[in-house]
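Chain lettering (A, B, C and D) follows the sequence in which the chains are written, and residue indices restart at 1 in each chain.
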């Protein structure tokens, strides 16, 4: 079983991660770790790209010569600006953030003590863990991508694109959108919002390829794979909605058209020609691609700040202005990939057990053989 | 901390529930328990109402003279048709259900062994637990309702209605819809679908009133209240999408219009005049109503069955036909209320601790006083 | 992963158990379940044997035709005397029981509400779960026994006896003691204590045979197998001490004599000729028998009651007298076997994963082969 | 709820800790943290004292200006000798350590990869967490000590000493023993063992003062305070036995003499004049001092190494010699204090809830008042 905890404030010394439960024998690809962290920082709409120093994750335990040994893995990601004890006192809570509720809950007069931890800075930790989980999954040909499908009212059409094509198209788009025309219009919307000192939310989609039939379970409600995935995506800062497969569109369709009929061929075994269920039926993976979408709200820190109340004197005020982005949906998608990778890896280890990569591979291969004989 | 497990198959002897962690001193209202179970069974679109015997939940431990004593509570709900060992062998998996993935995962030749547990029959257990949690929350003036907002393409408009008005309107609607005109059209859609041997999905909304500021936390991702609520709603059979507050609509709005500005008055303390966030900011309740929506897919068991494959001989076949409903969105909303009540109660006990109602009331009152002085 | 909850009061309607996580394909042996429950009731020193009606555990879900299907298993064990709501008010807490602390913690004026749940009656639930776990383990040639090693100051000597011999000897002893001479003297001590209206504690030993190398882990402290086993044994009513292998005797030995040197032979692979470690090194099973001992305190309910205080008026009083046993160490050992079986089964499933017996057997066989090649 | 994970290998870069769930408003006393870490290193029988550089724990997140803010706390403790990737390959497993079982479980050819994590070096992390929990508990007048009661066959007599006297006596003893005469003889035994290239185990006792009535619960077996405490102590490297109160001596006593009669006075409320139960009845604290003892086995790394097998060629060999101590019972007691502090703090927060010290103090005071009125 995988377990993890993260720690760290956005202007603290560093972000810290501990991940327990990774099997031994996995060679960690530092290149992948690095590129995932970079992906999180790099889409159009974030702060000025040139100036952003890339995040560097240092694995400080759990490896020998670059290979996992079954020990917990700790990761440190240094913050660029370590000044948490000298930053100014804040008393003007920003609407849309943890500021006011957090200060009241924890009895903190200086709202800085809330926003340092509630900040999306913590997502860097999740991306680092996700990078390790992705590597584990890749050993079993499970592959994950995210791409942006809505920004600023612009809706991408990727219905005819393959997994591979979505990945290659999106990689060329500054906003991680696989529909070229939509990508351009999204950039225009972002530019316009920036000019108007405003921000944009949007929707990203995650696709997981290669998950075998039978992760998750209907036995107990908290073991349902979709519940775990939706819970994980919802736990990302600013995510306010999640859906699996056809999602909210199911409300408009009828049963006769809403499901994925079952077929069989010697070559493929059981299969479907549609995937409205998004790869999950009865709380379990059904062998088709897992498809999830999540909506990120517009970033609430605005250059043209919202009305609030000064908690010191209870008078109307303008919210504190922190440096911020115009649109971070692409980055949020990268965090989403990580969140999904962690849950899939966990369900995978729960099913296949195993303390070493060698053992899990043997168990996995045996199960695939069993499935083929079903 | 509340923990629970449920057990039981739809044609087994009974459904069984154990709930651990309820404080002592709560007088259980059997009338509420009964009415919640009845609500779950009774909306338009379910099987013929006249014939349905009401479910009866018997609390078999955890009470003395009707009052909780801090012991775990067990509940038994007898099934009407106890025939699990004599039912016919099934080899034609229904698309949209756990049938095929479950049989392959657990190595079960008789698909009956899957559908007995994966069935939505298990939701009766959740409703029973939820009824107890609701009673606990009512002691602290926390109140929960659900109402149907979309069925068969018909969208209800309840934007101007108060909590109280939504409840009273919905209670008069056979489909639990608070918009009278929409309610009528929903019924027509259900009738049409029934005639055409089809089924309908839809969307329900849940509103929770009276939650104090500060349940949940941003400290660790799995402690975020929205993540727990979205995970819990997603774990309900047939739910494929969930959203908080403006949800997916956030994708279309801009930051300047997407958040809830903060105000203060002597009488109310800090408050908002809008509630786009659905009562949750930074993973915590912010004192406004908590508003959630979930989409239920159309019931996949059709009187006019879908294509599938006979697992015995791998030949194309028509899916097994089980007795089923045309539309169960109203009932699903009742289950959703229960799922939400359980999570809110858990977050509540985590914050206020306490082994007896008396103790929790004292801790809660002290905190409210602290908030007023903030 | 196995999870369970139990519920029920000693004079309530029934004891209820839910066990989640058992794989499919295990044929439940009702005979074993019955005999384990009988064992728990039947040793010398318990209440008069003739009068005790045997406990009957009914599995009310999770099986089809006697075989597990991956669903949670619920078990009901009816109480003989269902009178919880009519029993007299108690205000004289018994020393050595939960009575006073429980009443104060939960704010319960009637101490009856405490003792109904804190009673050792709940151990019947654990024995029922343990019986299922034992059956699972037996599929992998893992076998568990308990025997009594100290009662009333009489110490059994079983140092030269094999697992098999201990079992057969103990099965002939009315006190479950494998040393015939000691068994006789224990009975005499019990008789004497009964005459003198007193009670006796003692020590039982548990041996688990056939556990493969590598259950548990040193990776994180709560994953150590010994910590889980000691925690589980300590959670049994009246158990006040636990030890693994040489246990407290380690305090008197030196390092040069305290450990188990390692040998190798073609036939056995790696092995030890001693087992001071009790089969656990570094928080993991090492392939030798797991050996645990636990001490049960004398039953605190005495026919000649202890001094206490009436909580109603704060005056000195004699403790309430409940029907009780003179010595229950043999029974406690049976509960201990169950507690150990549950933990071993859980660690086993964590290592080998698997949703069906077929799958776990394949994974287990593959691992044994890997070990032989090490 | 407190949760923590630790990471780090003994020759890795550093040990890392994350602790989630500490309330806001606690001023961290770095002096206490430092002195606890020093205590762990400093007793007679450890490696030569002069040469040991003290461990320094740096809190790298979770504080602002030295005060907790409700965020997770991360702690880094640098290792002196960071050489994990260059250390020699080991193939001679040491009996009494994780070496052989760990290598087989994780499929690791180089046993170095096992002993780096299974090493008692990890206890420094637990001591650091424990220091924070102790500070939290001290805010509520809960105080914890450990002292050594057996080493090398020498048994200390502290039966007539108060908590305060035990602490002051032990602080003057190089082996942390509160009985002056025994302390001297223990030192002699350690010297003798060192000369003979041998090692010694022993027993330490932990006493917790000031725990209010009612932490823990009998409601579910895993909620029993003694089970959690015994599990936590058992999870410390080399601990093989644990007991509460009279512990194994209960096996030799009779019920009439084994329990703690209950008295009442205006000034004290309910109290006992004996404490055989070690402060826990029915799985709950009963208001008396909590008394626990644990046995540490002799350190298995001997300067005169034990027989083993070379895993490379399966030939008989002498175990690897790592630098080691003669006797570490005093240090183990310091780790035990930490393990106990963490569990007590967790049970405390479960009962009193609360996100800030201010809130918990209010809840705690309210409960104490309730108890006085019982």
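Just so it is clear, a residue touches a chain if its C-beta (ideal position, glycine included) is under 8 Å from a C-beta of that chain, and two chains touch if they have at least 3 such contacts.
Note that the structure is a prediction, hence the values are computed from the model and not measured.
> Pick the pair with more C-beta contacts: C-D or A-C?
C-D
> Where centres are the averaged C-alpha coordinates, which chain has the largest centre distance to subunit D?
Chain centre farthest from subunit D's centre: B.
> Between subunit C and subunit D, what is the gap in Å from one C-alpha centre to the other?
So the centre of subunit C lies 26 Å away from the centre of subunit D.
> Taking the mean of the C-alpha atoms as each chain's centre, how many Å separate subunit A from subunit C?
44
> Could you say which residues in subunit D touch two or more other chains, in rising order?
Residue numbers touching two or more other chains: 3, 5-6, 20, 70-72, 102, 105-107, 114, 117, 214, 217, 219-220, 355, 358-359, 370.
> Given the complex with subunit A, which residues does subunit B contribute to the contact?
Going by the criterion above, the answer is residues 5-6, 93, 95-107, 114, 117-118, 122, 126, 150-151, 153, 193, 198-203, 213-214, 217-222, 224, 226-236, 240-248, 250-256, 258-264, 270, 272, 277-278, 281-287, 295-300, 302, 304, 306-309, 311, 314, 316, 370-371, 374.
> Taking the complex as given, what residues does subunit C use to touch subunit B?
Residues 3-9, 12-18, 20, 23-25, 60-62, 64-65, 69-74, 76, 84-85, 102, 105-108, 110, 112-114, 116-117, 355-356, 358-359.
> Considering the complex alone, what residue numbers of subunit C touch subunit A?
Within the complex, subunit C touches subunit A at residues 1, 3, 20-21, 70-72, 214, 217, 219-220, 349-355, 358-359, 362-363, 366-367, 370.
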